[in-house]
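Scrolling down, you'll hit the structures one after another.
In what follows, chain A forms one complex with chain B and a second complex with chain C.
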Partner chain A sequence: MLELRHDNDQSTLRMNGRKLLELRDIKCQLDVMKNTSGSALFEIGNTKVVAFLQAQTLGVNQLNRGILNVNFFVTNFSAIEHRADIKKDIKMKEFTRMIKSVFEQVILLDLYPRSQLDLQVFVLEADGGYRSAAFNAVSLALMDGGIAMKDFVVATTAGLLGNVGVIDLIYQEEKKQNCEFVLVHLQKAQKIAYVNLNCNKIRLSDFEKLMSISVDSCDKIANEMKTAIRAKLVKNINSFYFK
Partner chain B sequence: MRIVVPGDYVDEGFIAGHGTYEQEGKIYASLAGIVHRIDKVICVKPLKTSFKPDIGDVIIGRIVAVENKRWTVDINSYQHGVLNLTNINLPGGLQRRRSEEDKMQMRNYFKENDIISGEVQSINTHDGKINMQTRNLKYGKLINGFLIKVDHNYIRRMKSHILEFFQEDWQPIACIIGTNGYIWIYTPDKLTQNTQQSEVKVISKETRVKMAVLRNSIIILEKVQLPIFKDTIQKVLDSQRQNAIEAKDMLKSYEILGKEAKYLIESEINLKKPVNLQLIQTDINNQDFIMN
Partner chain C sequence: MFSSFSINERDFLQEAIKSNFRVDARGVQDYRSIEVKFGQENGQVLLKIGKTQILTQSSLKLVTPQPGKPNEGFFRFNTEFSSLQQAAEYTSSINTLSEMRVDITRFIDKVLKSSRATDRESLCIVQGRLVWSLSVDLYLINEDGNIMDACFIASVLSLMNTRLPEVTITRDRIKINEEKVKYLNVHHIPICTTFFFIDGIENPIIDANAKEEKLAKSRLSICMNIFEDLCGMSSLGCLEADPQTIIKCSKVALIKTKEITKIIREAFANRNNQEILDFLNSKNKRSLQQENERTAQQFLQNFLGNDDKNTNQTNDDDDIVEDQEVVEILRQNYNKKAKSTNQQSIDKSVQKKEVRISQIGNDVQDALNSGNQSKRKDKMKEKQEKIQEIDSQGDNLSLSSALKKKNKNKNA
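Entry: the complex of A and B
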């Protein structure tokens, strides 16, 4: 790794040859799985997350609104070390609940009475930032499935290398740094839906720095995602005319 | 024509229709799709939608569960359909009250994983519950065939949903096109007009190949994004015969086979097309493409 000599020197290169605020290559694929209501594959660098939605369940009698269920799972072949058995630890459960609570705010569940939306999220390859990738994959899968949402959800990871704020960390960087930062941004409302900061001590100025750089990178990721959706719609545009 | 994603600003001063929501007097999109305006109502049409049944739709479903006096059926919709014991055609065609005995032997009529065809009888306006009925000799349990699933957007409501092909042959092949995107391909009896068949037949290899040809031509139509109805299917079958392409090679050369059917409805597409598609396709790579 090249040394980070100066604070905020934008030309400094990181471990895999990126600039401080440069994202890895993003690839979004919609409709990757058959026999689901909606599915999406979100890739950022080597991190791969697939999300799919099953929405045609017989309704639950209670309530006049739909119910959202999330199942988040990190496959045991995803990391560098193959783990034979991954238990669902508290951290994972908490994150699952986080996905649920963010998307419960955003999805217009009133429109789906007596129904149940089952979301399955699988991390196929984890090379840093799989949490934010999971949010993006879910967001794409819901859009692919035609579930009504108030807002466009995007997420990103950021961190501190020494004193310098960087975005979209890879696995080695995540190990080296001293804080873990996930931010979920709502594009229309320009609001932050969820922030997760995992560290011992952090300066307030550093925290503000992290916030601002990750909001900026959220916009970039959102653009990539929108392009993927637009391409998909244009490709299948003929189907609009037969209804 | 505009493409929007959830949260995008759509318009002002209209009535917010499907796929949109109103906030502070402005209309925003809640789905990813194209903006569609009918008079004063503005709505967003998504690419994929769950099937919304209407009363009288012919649908094909798979029995999911046998419950008290009713079956639940997977019909590719927002909910499972419900088929009450009172809404089926009892064997013998008798009109009588359903007794306790009928309730006991519900599995003799339909059991789990059976595929049935039926009609939508009613839809509850309150909770959207879909009631089905099979009170007709046309409907009932389906055997001697196979099911294929296509996008329901490509299927229209037609006069007759039971189509017959290869009629000049000694064994015609028929298909029931469910409005919900499920299609059943089977070998009908020439003598009786009933779709319901009582016993499992031995189907020869020749017939199986013909069934595969029909199946592949429906898949091709979905692949080239054309509506699935009698004329388009016949066009694909004709061009398959002309080009002498075998059943197993059909999907590889789907573009050639779909060409004829495309000509058939090209005029129809052009009528509905609001703008030049080529223009949008070039715009997609352009960064200045305006979303909002």
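Entry: the complex of A and C
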């Protein structure tokens, strides 16, 4: 197991051979399921999250605003550790609320009166940073479904190894270092939508460092996501004109 | 959704905050008055932030530890929001009570465990066999906004006031000695400060009351301790804030943390003098309404250019009566040291004031009032003397000796 030197040398290697500010391979796949309004698979390293969107107009909802329902689920087989009672897991309940509260204000729900958006998010494999991956997957699925949004939502995870800020932690690093910072960024407005710091004790200066590196890494992830969406659109147009 | 909230009221609140005013006469980044009372029972604490009141109690149970962690006890936090009639809504969805409970309980749990405010090892009795399971119950007595901070601070305070009884084990008997107790180790006091972001206003506000909370679209909770460490952070709703704003928020949180920690330390230092039930029954001395009245009065006085400053005296009245005995003993010491000149001048000034009051008060009732006021002035003077005494000596030796004498008198 590689140990990290406690300095800011950018060439230092981490546990799985990455540099300090290097992301794992990102793979975005849109339109994974045929019967849904929009669906996406977001992979970063071994972490795999899939999100489905089902939009429907219902007679039940008579409001001038659409309703958003979120169902977030971490599957039993995702993590290494065994989880006995999955239905009572309070972590999922909490995070469902977080996703809902953010996307309720990002999606322009005023444009969808008398309708309901159902989001299903499944974590298939959790190898660190599944929460930020879930945000990205939801964002992609909504874009795939063509839902009007205020901004382009991108999320990332950062952490500290000793004193050094690193991005995109894997499972072992998360367990070992006990500092995890999830940040959701609105890419167009360059503003922060959601923060969650789960750590032991860190200094304020370290926190500023974390903030700046995670904002930078958001740009990289956003580029990957944009290329995936463009590729899908080009494919759609081609199939429409050149049958 | 905004059932008790008209458009006019909303606009008024928003405009007020935009121009750096709060409806209850405080700054944009000020807390309401915080009061802490430690009870005699295990982990019993009453916390008041403005009108928000929380009562906590902790209970202990002997259990066997988990096989993976043989020397770690258990913490459990439980919140009970029975009277949450006007639960504030920042997200536009129907936010159920259970969701709020999960959110708050989980945050408290996460931060207190990961920041090592208390170590679970201290709850261990026999490794692998016997540990304490500590559960802290938080009861929300009255709700007026900012439940997050109130719950968090109350749970920390409850841990501070928790006492573990001594356990002795002989062969096949476990003896719990309730008389010999020791306090639970709380290494540092993390304090949560919640910022509320309102649409169209750049700077967030602190410690919103119920109505302002309804106005807010998102909130950000920052946990810090007095040693300038960040212990945790959580948010709800879409913040739409710059990175600089969040860093600025954490700096404000540090200042607030220091203020609140000071209040807590003071309350903890003289916890034995407090009776929690009396506190519940007695009139809240520094209640928000009175404080507002006082500030309003001060404002009026400044505005009219009046010299009379009687407003501060009403609040300190009760304290003075309690300390009278101590003051008398102090006074005797004081006279011995023969600083008569100073005292004479004070007497003179008091006489002058009395004369003036009697001149003003022609009616019988007014005369009675002035009599009361002069009494109060005497008490104030005594208190001033006491303070001067302590200041001049530079240490509390005289005060402690006086207290001892007082106790002796009581015993006799």
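By our rule, the second predicted complex is superposed on the first by the 225 of 243 C-alpha atoms of A that agree within 3 Å, B and C clash if a C-alpha of one lies under 4 Å from a C-alpha of the other, contacts with A are read in each partner's own complex, and residues count from 1 in each chain.
Simple rule for what comes next: contacts are C-beta pairs under 8 Å (C-beta built on N, C-alpha and C of every residue); 3 or more make two chains touch, one makes a residue touch a chain.
Computed from a predicted model, the values in this text were never measured in an experiment.
Peer 1: Clash or fit: how do chain B and chain C relate after the overlay on chain A?
Peer 2: Partners fit side by side after overlay.
Peer 1: Now for A:G38: first (chain B), second (chain C), both, or neither, which partner does it touch?
Peer 2: Touch status of A:G38: first partner only.
Peer 1: Could you tell me if A:P113 is touching chain B, chain C, both of them or neither one (first, second, both, neither)?
Peer 2: Touch partner of A:P113: chain B, not chain C.
Peer 1: For the overlaid structures, how many degrees, to the nearest 10, lie between chain B and chain C at the C-alpha centre of chain A?
Peer 2: For this superposition the angle at chain A equals 130 degrees.
Peer 1: Have a look at where A:G145 lands relative to chain B and chain C in the superposition and call it first, second, both or neither.
Peer 2: first
Peer 1: I'd like to know which partner A:L197 touches here: chain B for first, chain C for second, both or neither.
Peer 2: second
Peer 1: Closest pair of CA atoms, one in chain B and one in chain C, after superposing: how far apart in Å?
Peer 2: It is 14 Å, taken between the nearest C-alpha atoms.
Peer 1: Considering only the contact definition stated at the top, list the common interface residues of chain A for chain B and chain C.
Peer 2: 186, 189
Peer 1: Can you list the residues on chain B that touch chain A in the complex?
Peer 2: Residue positions touching the partner: 3, 5-8, 19, 21, 28, 30-34, 45-50, 64, 72, 74, 76-80, 127-129, 149, 151, 153-154, 156, 225-227, 268-269, 272-273, 277, 280-281, 284, 289, 291.
Peer 1: Under the definition above, what is the set of chain A residues touching chain C in their complex?
Peer 2: 65, 67-68, 90-91, 93-94, 97-98, 100-102, 104-106, 109, 178, 186, 189-204, 207-208, 211-212, 215
Peer 1: For chain A, which residues count as touching chain B in their complex?
Peer 2: Per the stated touch rule, the residues are 31, 35, 37-38, 55-59, 64, 108, 112-115, 143-152, 186-189, 226-227, 229-234, 236-243.
Peer 1: Using the touch definition from the top, list the residues of chain C that touch chain A in their complex.
Peer 2: 90-93, 99, 102-103, 106, 110, 114-116, 217-218, 220, 225, 228-243, 246-247, 250-251, 254
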